[in-house]
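A short write-up of the structure that comes next.
Naming follows writing order (A, B and C), and every chain is counted from residue 1.
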Amino acid sequence: MTTESPLMLALDLTGTFAFGLNGALTAVRAARLDVVGVIALGMITALGGGVIRDVIIGSVPPATFQDWRYFTLALLGGLIAFTLSRLLKRLTYLITLLDAVGLSIFAVIGASKALDFGLGVGPALLLGVVTAVGGGTIRDLLVLRIPTVLRSELYAIPALVAAAITIIAVKTDVYGLPLALVAAAVCFVIRMLGVRFRIDAPGPPRHGRDPDLPHS
Amino acid sequence: MTTESPLMLALDLTGTFAFGLNGALTAVRAARLDVVGVIALGMITALGGGVIRDVIIGSVPPATFQDWRYFTLALLGGLIAFTLSRLLKRLTYLITLLDAVGLSIFAVIGASKALDFGLGVGPALLLGVVTAVGGGTIRDLLVLRIPTVLRSELYAIPALVAAAITIIAVKTDVYGLPLALVAAAVCFVIRMLGVRFRIDAPGPPRHGRDPDLPHS
Amino acid sequence: MTTESPLMLALDLTGTFAFGLNGALTAVRAARLDVVGVIALGMITALGGGVIRDVIIGSVPPATFQDWRYFTLALLGGLIAFTLSRLLKRLTYLITLLDAVGLSIFAVIGASKALDFGLGVGPALLLGVVTAVGGGTIRDLLVLRIPTVLRSELYAIPALVAAAITIIAVKTDVYGLPLALVAAAVCFVIRMLGVRFRIDAPGPPRHGRDPDLPHS
């Protein structure tokens, strides 16, 4: 089981903690929620992607509900973010950075766990991306924002790249913590370059649009 | 099986009916939906928390999909709310009250069902809260409101208290309908006191915030 | 297994493709997303209903994650919609039409698959509707619209009718591609008549409403 080693668990918990901080800071920054809202959003962001992943592959109850360390780190991230939010400069950039950390790690863990559960290459790719973007998408919906995965600036694509590297590494029997870190690092770098240089994906071809929204 | 007794089933169905009324009245009041929308939102609110709970613990198909009484009571709640909404005074208060009833009961049922399925204390606490706030959170998202669980006024916390009382009662072998009602009543009272006196949880420490929303 | 025949699979894939086109065109039209957002929304719309259906009946990993054809057709729908959106006239009407195609097919497939997995008549009806409206509801939430199933114009009701016809056909042993197409066609016609003549379901009884939104 490639995700069961202590090092992989540590990586997964790191992603959980990063997303916990990220969600909680988003709650402080974007929605100005109180302490319960801040911690709730932190925990939902941290645990959401993994719960979706485990429900889809049939690994229930999800790891989050079986191993108290996920829960604790998600909670801790929320508490720390709530406490320190006053002291933190450049909050927006930090939020983006933490999101990129969680995205990168969860893409790798999601893809490798999918292979562990016998999914094929295509499904494992998809599940890597779903795991990576799941928590953040729920986070954005809860504060009524169009999710980052749709607004992009290279968000789903780096997750896809990380999942692809992971799957190639597993299939060629070279997967392990070093390769997992490489895959995550590649995702992280692409994501942050996208943010830095605003390398957005190409927009849709221009055409006349009615100003009113469609009905269905 | 602590949730399988007729009395526990009656309690669970009461919560379902309360949430059905609540969701339907929310649809009338907040979103001015037509009859299908009103009944749909009532049913989603009533059944959402239980479906999430059962999917997470792996009890599929969910109770909702196996026992026609859940479905019927959710539908009935929606129909009654739609029919009587004209006659009801203080609709906002009634909506809040029904939400508190559902919240309280579902926290107890969620926590005890989690223990039935072999989850530990921490996960059972979490699942009690998720069950309690799940339906209402989906309801709020569907009418594009930031969910109550994030905006709070003591919402997740009373659910947590009710789940904790439930778990202690189960672990000390004194759980039964009386204790379940006590746990639910404690949650209900805390929640309604919070609403009455606007005892909000403490807000985040103040600090300079940019007016624009962060990107991720 | 009534959903396992090649013809039923072809029908299911047709619905997936229609929803992929629909979601992607919605992304172009309603939210003006870039290419990744367009394809992501197309895929989520196409695959969302089926994933919810399979998770609820316990058929995990969902068909979507096991059979590459779902994934490919969802992706293809997104790509085609992105490429051709410039050329398409009457985009709003086309979006509504494709949504009705997906709705109709998924109501039939959802109900018959529920029966395959041993669910009763009531649950199969419910699951047919959930499968039909699931992907579109997630689509609407992601671009921050109140879902069509709540705003209606006959949306859940035609899906319910199609699911009912399907269940009657299965129970009387006359189910097969012809009956599946009839059930889907009935749903499609009711839905499009509703759109054409704006036959909305009756609204709630009028009564004095406070202008402010309720709190829970």
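The rule we apply is simple: contacts are C-beta pairs under 8 Å (C-beta built on N, C-alpha and C of every residue); 3 or more make two chains touch, one makes a residue touch a chain.
Here is each chain with its UniProt name: A, B, C = Putative membrane protein YeiH.
Quantities reported herein were computed from a predicted structural model and do not represent experimental measurements.
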Angle of the rotation mapping chain A onto its copy chain C, from a C-alpha fit, rounded to a multiple of 5 degrees, please.
120
Indicate whether more than half of the residue numbers at the chain A-chain B interface occur in both copies; give same if so and different if not.
different
Please tell me the distance, in whole Å, between the geometric centres of chain A and chain B computed from their C-alpha atoms.
27
Spell out, as numbers or ranges, the residues of chain A touching 2 or more other chains.
55, 58, 141, 144-145, 151, 155
Which residues of chain A touch chain C once you look at their complex with the stated criterion?
55-58, 117, 119-120, 122-123, 126-127, 137, 141, 144-147, 149-152, 154-157, 200-207, 209-210, 212-216
Contacting residues of chain A [partner chain B, same complex]:
22, 26-38, 40-41, 51, 55, 58, 60-62, 65-66, 68, 71, 82-83, 85-88, 91-92, 95-96, 99-100, 136, 141-145, 148, 151, 153, 155, 195
